[in-house]
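Across the two complexes that follow, chain A remains constant while its partner is chain B and subsequently chain C.
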Partner chain A sequence: MALIDIRDLHVSFGEVQAVRGVSAAVAEGESYGIVGESGSGKSTVLRALCGLAPITAGAVTVVNEPLGRRRSAAFHRRVQMVFQDPYASLHPRHTIDRVLSEPLAIHGFADRESRILQALDEVGLGAGFRFRYPHQLSGGQRQRVAIARALILEPRVLLLDEPTSALDASIQAEVLNLLDRLRSERGLTYILVSHDLAVVAHMCERLLVMQHGRAVEELTRDSLRARSAAEAYTRALLSASEGYTPAGATP
Partner chain B sequence: MTLLHVDNLRVTFPTRQGPAEVVRGVSFALGRERLGIVGESGSGKSQTGRAILGLTPPPGRATADRLSFDGIDLCRATPRQWRQLRGARISMVMQDPKFSLNPVMTIGRQLIEAARAPRAEAHDRAMAMLDAVQIRDPARVFAAYPHELSGGMGQRAMIAMMLMAEPDLLIADEPTSALDVTVQIEVLRILDRLVEDRGMGLIFISHDLRLVGSFCDRVLVMYAGRVVEELAAADLAQARHPYTQGLLNCLPRIEGGRRPLPTLQREAGWAL
Partner chain C sequence: MTRSEWLLTEHPRSRRQARLGQAWRTWLAFKENRLAMLGLAIVLTLLALAVLAPWIAPHNPLTGGDLRTERLLPPSWAHPMGTDDLARDILSRVIWGSQLTLMVVALVALIATPIGLAIGTTAGYFGGWIDTVLMRVTDIFLAFPRLILALAFVAALGPGIENAIIAIALTSWPPYARLARAETLTIRNSDFISAARLQGASHLRILWGHVTPLCLSSVIVRVTLDMAGIILTAAGLGFLGLGAQPPQPEWGAMIAGGRRFIIDHWWVATMPGLAIFAVSLGFNLLGDGLRDVLDPKARK
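Showing the complex of A and B:
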């Protein structure tokens, strides 16, 4: 059985139906991408998984635990999220040490000292960053801290919401390489949400294209590379991500 | 024909550690063409665009050996001359329509304000302009407030406003970065048509090398306040500077390729 099983997920905020019947199954160790434009509901799917958005209808099972209104502490130890904006997702008045020790305290881990040092080392920051504040770090360094915070509980699943879209291209490459390495070292399962098809094609074996809260189609990386998309919307996304083509050159 | 001459442009901000030069001797000439300025955050690309319009935020200071637009010396321009240029002959489009539109005025009123023409005439021009930027329901957008529009619509309204005065030069600072990819291409088509049909000059500032390479005629690559390479957009793949090569190589591709992605190894010499 799949590690994460989403069946006919609906998310509504009052009148607004943000997600309208999305299904997906993600196996252990897989990296699964969700692509779409703003308002497509791609981030809402992730937020519904980790409990930041209500599941209005449908069934979601994560590591054999059917998700209800509340998530157990064990769930949060297994499933962690990395957010888009590294400037907004770290507390400006907490040192990196405090950011990293909070989840350890909540989940009652004992050897905090060594875990913090190990987590900093794994994301390529080193112990020298431990007592700094977020404003003393660059965007790429902050995103590494956010990844360290997620990994410090040794989760099995990482939910990545546009982890590199606020970063420069050269920093994006470093963060993507870091995520890639951590996945192969630890056998993590990723769900990565992005508007950038190239990032998803690089990181994920399978991907789901979403539009207006619905799933448009599911593709494998190979079929994406072969440009064998069945839906017109996916083809439009593909041609738009190639760059600009003068009018008339494309139908 | 050369529209804009920039020679040895420097922008400096005072800091506690002494003056910080963020643009360090940028020179270029612009005709009626699409010129791309690419670089990462902090490369000085946006400050270059602002300095051309005399919009360097104080306490920053911009100096140049020569900064001239259509024969007018911008270094010595009086406030009166600036008022005649800004918005009328040189316009600027910023990245995010949320911050550059007036939130308490309808789009229509803002467009009419930009037209500097009798009201009835301005109204007709505004509607025509909204139509020209591919807004399907111009009457609705005309009466709408900025918060009632999506990001793509807002950015198109912004461009319509900048074009009301039919400028000779448009400085577009990341005009499409806040937009979805499919909308981005539509906005670029509009800009493209304006360059082709009206002979407008366009400075397109962006961090997206792939986009600039496919859209512009010529590209300046900036690093640490300097232009490290200038080349025709078509020759981008043959870039010679290691920074440009590094920027191109570190982008993931749909076709796949290297794993891990090559990262950019910065050399101290580039910033000298």
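Showing the complex of A and C:
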């Protein structure tokens, strides 16, 4: 049985149908990518999974728990999310300490001190950052705080919504390596949404290509690297990711 | 390590140090603004006058001197602001009146701000029918002219300074609710609110811990700027005889009392008027300065 099972998911906002019949199954410990252009509905799938967008039709099961409109406390402990923009995902008036201690307070953890220090240590920030405000941190450091916040509840599933697209290239690699390391250390399951095929190829074993709210096709990492895609749209996406080729030049 | 280094360090070692450091930075930014410091000085003077009134007022504010010889004396060394028609020293009355003014301002702020904040953030955060109901109630209160509604309340409850305070408070919360709602609408869909919801935070926790702190600063600025209006409304009610009752030394009531002799004995109405002017100006300057340092949108 897959850890996350999405069957024929539909998400509509009024008239707009953002997601139209997407299915996917993610096994425990797997890293699963969703790629597509802007507006393809890839982020909406993640938001529907964690309850920030409504599930209009279809069934989603996470760790054998069918998801309805309200999520249980256990769900929040199992599934956490890292947002795209680290400048928007941290409360501007809360210190890092407050950001990290709040989820512990909500779920009634006892040993908060040691957990906060351990979480900061794991994302490579150290205790010196504990009482800073977000505006005293760089983008990469903020994203590390966001990852620490997601991991402090010890979830099994981490939803990553373009976790590096707001960061510059050198910081991107650092954050991706951090995510890779955390996954192998903790046996986490990732669902990574990105428009960057290189990031997805680096992070994920399997990926789903989406366009206009529909799933186009599912690829493995090897077929992505071999550029062997069945659908025309995927091939167009692949060639677009190779960048600009001057006319007349032979590839 | 000096105290300012301890406050401004980039590596605070405790919650308290982080919070104090943040407050110290705000104060340093505030100190740069000369006019705001003047406003703060005026407000602090008002505070000092109110606290020290029994010791610094030269005469009794309620019982006057000799009615045959000391009525309506012009400003002199013995009576720097002159005396009124009951031979009472106006300076002493203005000093004692600062207590009433401060009480009105403080109580109105303490009553109206929480009501406005609670209604505004709740309406903005939940949206839907809750928003509609709360905002239409707010609209109804907003539709009444403030002084007229206050008049109606006072007429219903009976004249007196306490009822004037309740009346002003009940009429001054709607702008705060609108402001808090507008602020809440801009942040309710932001990622840090989504993150808090994903952690399983209750609505109350999000409203109180995440939304309110961000609305608070602009509401505080607005309340400070409104203080002048509150003082004027209280003075207006006093002037109409519906606020403080004689012989209480309320500034608006004192102007009303001096109105009859304004041509021949100008100081009777002018001196409390000057006090109202100075205090209103002080609160306005203070509010302007606070907006510069507190409003996140005004910051560069």
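Odds and ends about this structure:
Note that the second predicted complex is superposed on the first by the 246 of 251 C-alpha atoms of A that agree within 3 Å, B and C clash if a C-alpha of one lies under 4 Å from a C-alpha of the other, contacts with A are read in each partner's own complex, and residues count from 1 in each chain.
One rule holds for everything that comes next: a contact is a pair of C-beta atoms (placed from the backbone, for glycine too) under 8 Å apart; a residue touches a chain by one contact, two chains touch by 3 or more.
This is a predicted model, so every value here is computed, not measured.
Steric overlap between chain B and chain C is absent once the structures are superposed on chain A; the two fit side by side.
Of the two partner chains, chain C is the only one that A:His76 touches; chain B does not reach it. Contacts of A:Leu90 after superposition: chain C is touched, whereas chain B is not reached. When the two complexes are overlaid on their common chain A, residue A:Arg181 makes contact with chain B while staying clear of chain C.
By the touch criterion defined above, A:Arg112 reaches neither chain B nor chain C. After overlaying the two complexes on the shared chain, residue contacts for A:His195 are found with chain B alone; chain C is out of touch. Our angle of interest has its tip at the CA centre of chain A and reaches the CA centres of chain B and chain C; in the overlay it is 80°, to the nearest 10. Contacts of A:Phe131 after superposition on the shared chain: chain C is touched, whereas chain B is not. In the superposition on chain A, A:Arg235 makes contact with neither chain B nor chain C.
For the pair chain B and chain C, the least inter-chain C-alpha distance in the overlaid model is 12 Å. Overlap of the chain B and chain C interfaces on chain A: none, as no residue is touched by both. Residues of chain A that touch chain B in their complex: 37-39, 139, 168-170, 172-174, 176-177, 180-181, 195-199, 201-203, 221, 224-225, 236-238, 240-247.
Within the complex formed with chain A, the chain B residues making contact are 40-41, 150-151, 180-185, 188-189, 192-193, 207, 209-211, 213-215, 246-247, 250-256, 259-264.
Interface of chain A with chain C (complex): residues 50-52, 71, 73, 76-77, 80-81, 83-85, 88-95, 97, 102-103, 106-107, 128, 131-133, 136, 146, 149, 153.
Of all residues in chain C, those touching chain A in their complex are 10-15, 17-18, 22, 190-192, 194-202, 205, 209-210, 213-214, 296.
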